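Okay, structure first, notes after.
By written order: A, B, C, D, E and F. Residues from 1 in each chain.
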Amino acid sequence: MKIKVINPNTTQSMTRLIERSLFTYAVEIDLQVVSPSMGPASIESHYDEALSVPGLLAEIKSGLDWGADAFVVACFGDPGIEAAREISPVPVIGIAEGAFHVASLLGGKFSIVTTLARTIGRAEYLLHETGLGARCAGAHACDIAVLDLEKPESNALETIIEASRAALAADESHAVVLGCAGMAEYVDEVSAAIGAPVVDGVSAALLLAKTLVSLGLRPAKKGEQDFPPAKRYTGLLKDFAV
Amino acid sequence: MKIKVINPNTTQSMTRLIERSLFTYAVEIDLQVVSPSMGPASIESHYDEALSVPGLLAEIKSGLDWGADAFVVACFGDPGIEAAREISPVPVIGIAEGAFHVASLLGGKFSIVTTLARTIGRAEYLLHETGLGARCAGAHACDIAVLDLEKPESNALETIIEASRAALAADESHAVVLGCAGMAEYVDEVSAAIGAPVVDGVSAALLLAKTLVSLGLRPAKKGEQDFPPAKRYTGLLKDFAV
Amino acid sequence: MKIKVINPNTTQSMTRLIERSLFTYAVEIDLQVVSPSMGPASIESHYDEALSVPGLLAEIKSGLDWGADAFVVACFGDPGIEAAREISPVPVIGIAEGAFHVASLLGGKFSIVTTLARTIGRAEYLLHETGLGARCAGAHACDIAVLDLEKPESNALETIIEASRAALAADESHAVVLGCAGMAEYVDEVSAAIGAPVVDGVSAALLLAKTLVSLGLRPAKKGEQDFPPAKRYTGLLKDFAV
Amino acid sequence: MKIKVINPNTTQSMTRLIERSLFTYAVEIDLQVVSPSMGPASIESHYDEALSVPGLLAEIKSGLDWGADAFVVACFGDPGIEAAREISPVPVIGIAEGAFHVASLLGGKFSIVTTLARTIGRAEYLLHETGLGARCAGAHACDIAVLDLEKPESNALETIIEASRAALAADESHAVVLGCAGMAEYVDEVSAAIGAPVVDGVSAALLLAKTLVSLGLRPAKKGEQDFPPAKRYTGLLKDFAV
Amino acid sequence: MKIKVINPNTTQSMTRLIERSLFTYAVEIDLQVVSPSMGPASIESHYDEALSVPGLLAEIKSGLDWGADAFVVACFGDPGIEAAREISPVPVIGIAEGAFHVASLLGGKFSIVTTLARTIGRAEYLLHETGLGARCAGAHACDIAVLDLEKPESNALETIIEASRAALAADESHAVVLGCAGMAEYVDEVSAAIGAPVVDGVSAALLLAKTLVSLGLRPAKKGEQDFPPAKRYTGLLKDFAV
Amino acid sequence: MKIKVINPNTTQSMTRLIERSLFTYAVEIDLQVVSPSMGPASIESHYDEALSVPGLLAEIKSGLDWGADAFVVACFGDPGIEAAREISPVPVIGIAEGAFHVASLLGGKFSIVTTLARTIGRAEYLLHETGLGARCAGAHACDIAVLDLEKPESNALETIIEASRAALAADESHAVVLGCAGMAEYVDEVSAAIGAPVVDGVSAALLLAKTLVSLGLRPAKKGEQDFPPAKRYTGLLKDFAV
């Protein structure tokens, strides 16, 4: 089966990191991992998130041409997920959504450890939308900007481990959800260090997407999930007309 | 005071209709009513909504240069409202939000009468976000596309009156909220016909924005509402870098 | 337009303070600010609140004779608001309700700073009733009795500033709502001191009432909001028969 | 033990009906059943309800002088219950509250059958306040005014039976709660006719009050439930000063 | 009337303690207090709880043969309450449920003081099921195993008093609910020590059961509460066939 | 990896049906599908459900001896799931839970089509526990007893198709969840007939369990999910001592 993973920011090094982190999980999967050709270098505000969506939607369209059986949106804010679902006849799963579902299936409660505090509001919205808010015992920021995760001087791994350990204790939770695709490569090390399950949304969403494809399930195209009505688009975005 | 009303779709005739509907309410207000230079001709899906946001954000920026004291986003889906709030130091009010607050202040419950059924999901999300969902007794579609509202052959006024009357009866509600900026010109006729208060979000949001400005209130720029962090933008959207 | 503001306690000095605080906002408004002829000197318990309602209702009635276009109930417990709405064909807005709506329109979350801790339960009830509870990040008491707000020895202004600053920090909130009509005169000083928006319910409710009148909106008199059925009243309250 | 049942309306025939309905349940109880000396002849609106509270509070005070161990407020709107609790060191139970608790203890869901449709809003508020809203499957009006319940020409018993049977079927519920103290005398006949448990709040609240007294439980007088602060009262209500 | 109280664990000394604690409340009641013949010595996990249910159900059946008018399930997890209600035509009340209802009737909020922290999840579930979660201000563990409550070296009474005092202060609550049938004998001493009402679920549930019987109320046997369909049972549990 | 699927009723023909339905999904899985040696022939009441748990727990224990990497509980009531999780160090997934998660990942809302109406209450409880209740638009019964599903004279397939079609229309939902493990073999035919995605919980839970194992995730054994404390068990259940 073909699954396309879209990192909706434009930073290629992060896209490659995501691709490497999926290597062991891509069994029986023809995998594409890409960034859009337009938009923000990282997504750390509602402004960035809104402006990542045109590029994401373009990648969904080209993915459909490729014959994708499912998509993963690899940013923890699940940007544009509803618009992506409208134009796609195959499943689209966001990594926040994917992480919340997988962490919930473990039983007990989970804590989120994310990058900047200002992104927690979006995570809370997604917890509400998925219905899994009651399973989240707390959301905590590391105060590391997304693109600093890759920089050695940010001490990202240690900081995430420390924040995860503190979250487990403060929240009396049973698992940690990593709140950024850029943390995917740390999942095993953090889990080993804190002695608790750690969920990375990228691999979680990939295997959930594979599950839906294996089960032969595609979303019904009706009502709010139907293809968008055709119409004229103008100016810079004129090519987005459907 | 200066208030800028942004119709986030690109259909100028609808923008002029909105402007006319505000004529009697623009007391003591230096009013600008505009459409963006890019994006969809109407907003009837999550896809349209997502792609209306870049144009909307560009208008917020030019509005700040003009010296706007407040903004109104004149589409009932309140698209991009959170991103707009991040980049604006002055109040930004969506017309769904504005209509819900005004209708709630009347006491009792309200019904929404909107264009296409597929937009009701977004209205329900906004009801949740504003907290005013318990005041809404039902949302009903007229099955008229946004741009058909202006066409005589759509019989829009009669259809809206009929749907409003049916909604009041079925929902045992006390007021009707019109679910599209393009219905603004009908508010008085619908109210007279059904004998119940009818709330148009455009005028409601304008006077609420005026209220905030009169009270000297501007949103605190901190946390999730702070200005977005600066970063590189790429491709078609490269000029959106902040 | 004519708007009557009713301070439901019987302390005239507080009524005058409220009137003064509205001076700059009463543009285009024929304003009446009064206290009832019966009831408690201040409202600090459910007992006081219940016993303020007969006097409030008498003032609504005389206000209708005067030709009021809207009413404001200027006590943060919004006492008798539902009974007042039944007998009034024009809008009645409580100042807690008004403050919650205005603070919500600013985006983000607000904190309440009020007089005595025992009144917080009523504020929580009103947050629930308005639906805006999720926008309130916390409610905090100054431990100053209502009538002591005017006494220099209470150090009310400093205490409110300190409590507001502490609330903003503890709640990570974006605005402060003043939880007593007797604090109305302090709104500008508190805002300047804490560097954040401060909402006074009295001015907020007045301008919201003006908004409803400007929009030509009056509540539907049906169902739970209809005029009360006529009947015999007995004893001390015999003149309340409708 | 001494229990005082207060019918907060001033109609003595209804008070005597309530007293008769409690005859078989008043085992080991020194029972007083009274009406206040002021207020409305029946309670069918928020206006009536608000104006029944001063008379109710006067009866609480005289009941404490008598040595009451507990109070029952015998109107299905539970008027003034919070104010009554403040001035009473012994339990005060409303009949809506009492009925909801007893019906919930039976398991399954209950339907409410009440007098006028406009009182259902208050019942919904009390369901929320008690927390027992999820146990209520529906509330239905008989469209009989309170004082008409006693009039043979209202066919009250048959109407209540019919409404109860319809409610059980429509709501798929397990029990009926009678929504007015004036229906107390019908409880056995309705239950026999519909073949399902029927809960009358007056007897339910009396036995719950007895339970609290038997267990030696009295409410803690602190915080929101503490005695109200002393202050001056004015005009018609000057004798209510505490 | 005949009421059977079932301690669903198999520790006879605890059953006798429960029986003694009910001595003063068993007025007009023919009381049976028993343990099942199979199952766990104490109930401190979901595993224990699940395995206490077969023995409990056997006791319900023999209680019906005896002619019981009502049952009390005397474990704070209310194990098997829904299955017990299916096979019983008379009321079945759990002691957590009973305690929550009685504590709620006192007004204000209550704190739970229980044995082991791992049982708090079950208490939260029961708070949700009863609808009374909003009345609970907090749940706190004493870290004493159930069977250690009776051992002098556990210092159970002092520990419970200390935990109760701390809970009242931390939660700003008005009453304490004891979270284990094995604490029933301490209720008066804890209340005297902390100066606040303390609710023991065993006596609360007994008097609530008596209330239902006095009111002549039996659950409707329909829908989810109907007798279970007959079928074959196999192996160790073959005698449970109905 | 080794996954054990436990049908908690004792009807072998149904267990074999479940096994056959999993044939195509058991890629890379060493699969065991069993029934317990004790308990009810089918699970259609809280009574049956409670009495299926001892047998289920015995199968979990023997499955751990076999080296299971995960368990699936193949009854739509997810009986004993919390007790099973306590004694298992590896994931345990119920089929209702699994179906709800998979259906939610498709976007939109789902309808449940189940056997007997009396089981809907349990489904609603599980919807609440998983947090996915808002995604369910309705639950509908076929009025076919579990063991009749296999009997040709029940016309099960046609009845399920008809109920599914009706549910999609009435609920305006996007997918159907089959509410019984005994319906697993019909999933493809129902989907083809109604032209919408149909989720069978057995295959859904199996692939979710595989996902957790692939991700290397095991539940944290702490707090409410820790192994149960050791203690004495008595009588028929004495061998359940841990």
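Throughout what follows, a residue touches a chain if its C-beta (ideal position, glycine included) is under 8 Å from a C-beta of that chain, and two chains touch if they have at least 3 such contacts.
Since the structure is predicted, the reported quantities are computational estimates derived from the model, not experimental observations.
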Number of hops, chain A to chain F, where each hop joins two touching chains: 1
Joint neighbours of chain E and chain D, given as chain labels: none
Residue-number overlap at the chain C/chain D interface, same or different (half cut): same
Pair from D-E, E-F or C-D with over half of its contact pairs in common with A-F: D-E
Centroid-based (C-alpha) most distant chain relative to chain E: B
Separation of mean Cα positions, chain F and chain D [Å, integer]: 45
Length of the line joining the C-alpha centres of chain B and chain E, rounded to whole Å: 54
Chain B and chain C, separation of their C-alpha mean positions in angstrom: 28
Overlap residues in chain D, where contacts from two or more other chains coincide: 85, 223-224
Graph class of chain-chain contacts, one of line, ring, star, complete, other: ring
Order in which chains appear around the ring, chain A first, chain F after it: A, F, E, D, C, B
Residues of chain F defined as touching chain E within the complex: 10, 36-42, 44-51, 53-55, 57, 80, 82-83, 85-87, 117-118, 120-121, 128, 145, 223-224, 226, 228-229, 231-238, 240, 242
Contacting residues of chain D [partner chain E, same complex]: 25, 27-28, 85, 91-93, 97-98, 101-102, 104-108, 130-135, 172, 174-175, 188, 191, 196-197, 199, 203-204, 207-208, 210-212, 214-220, 222-225
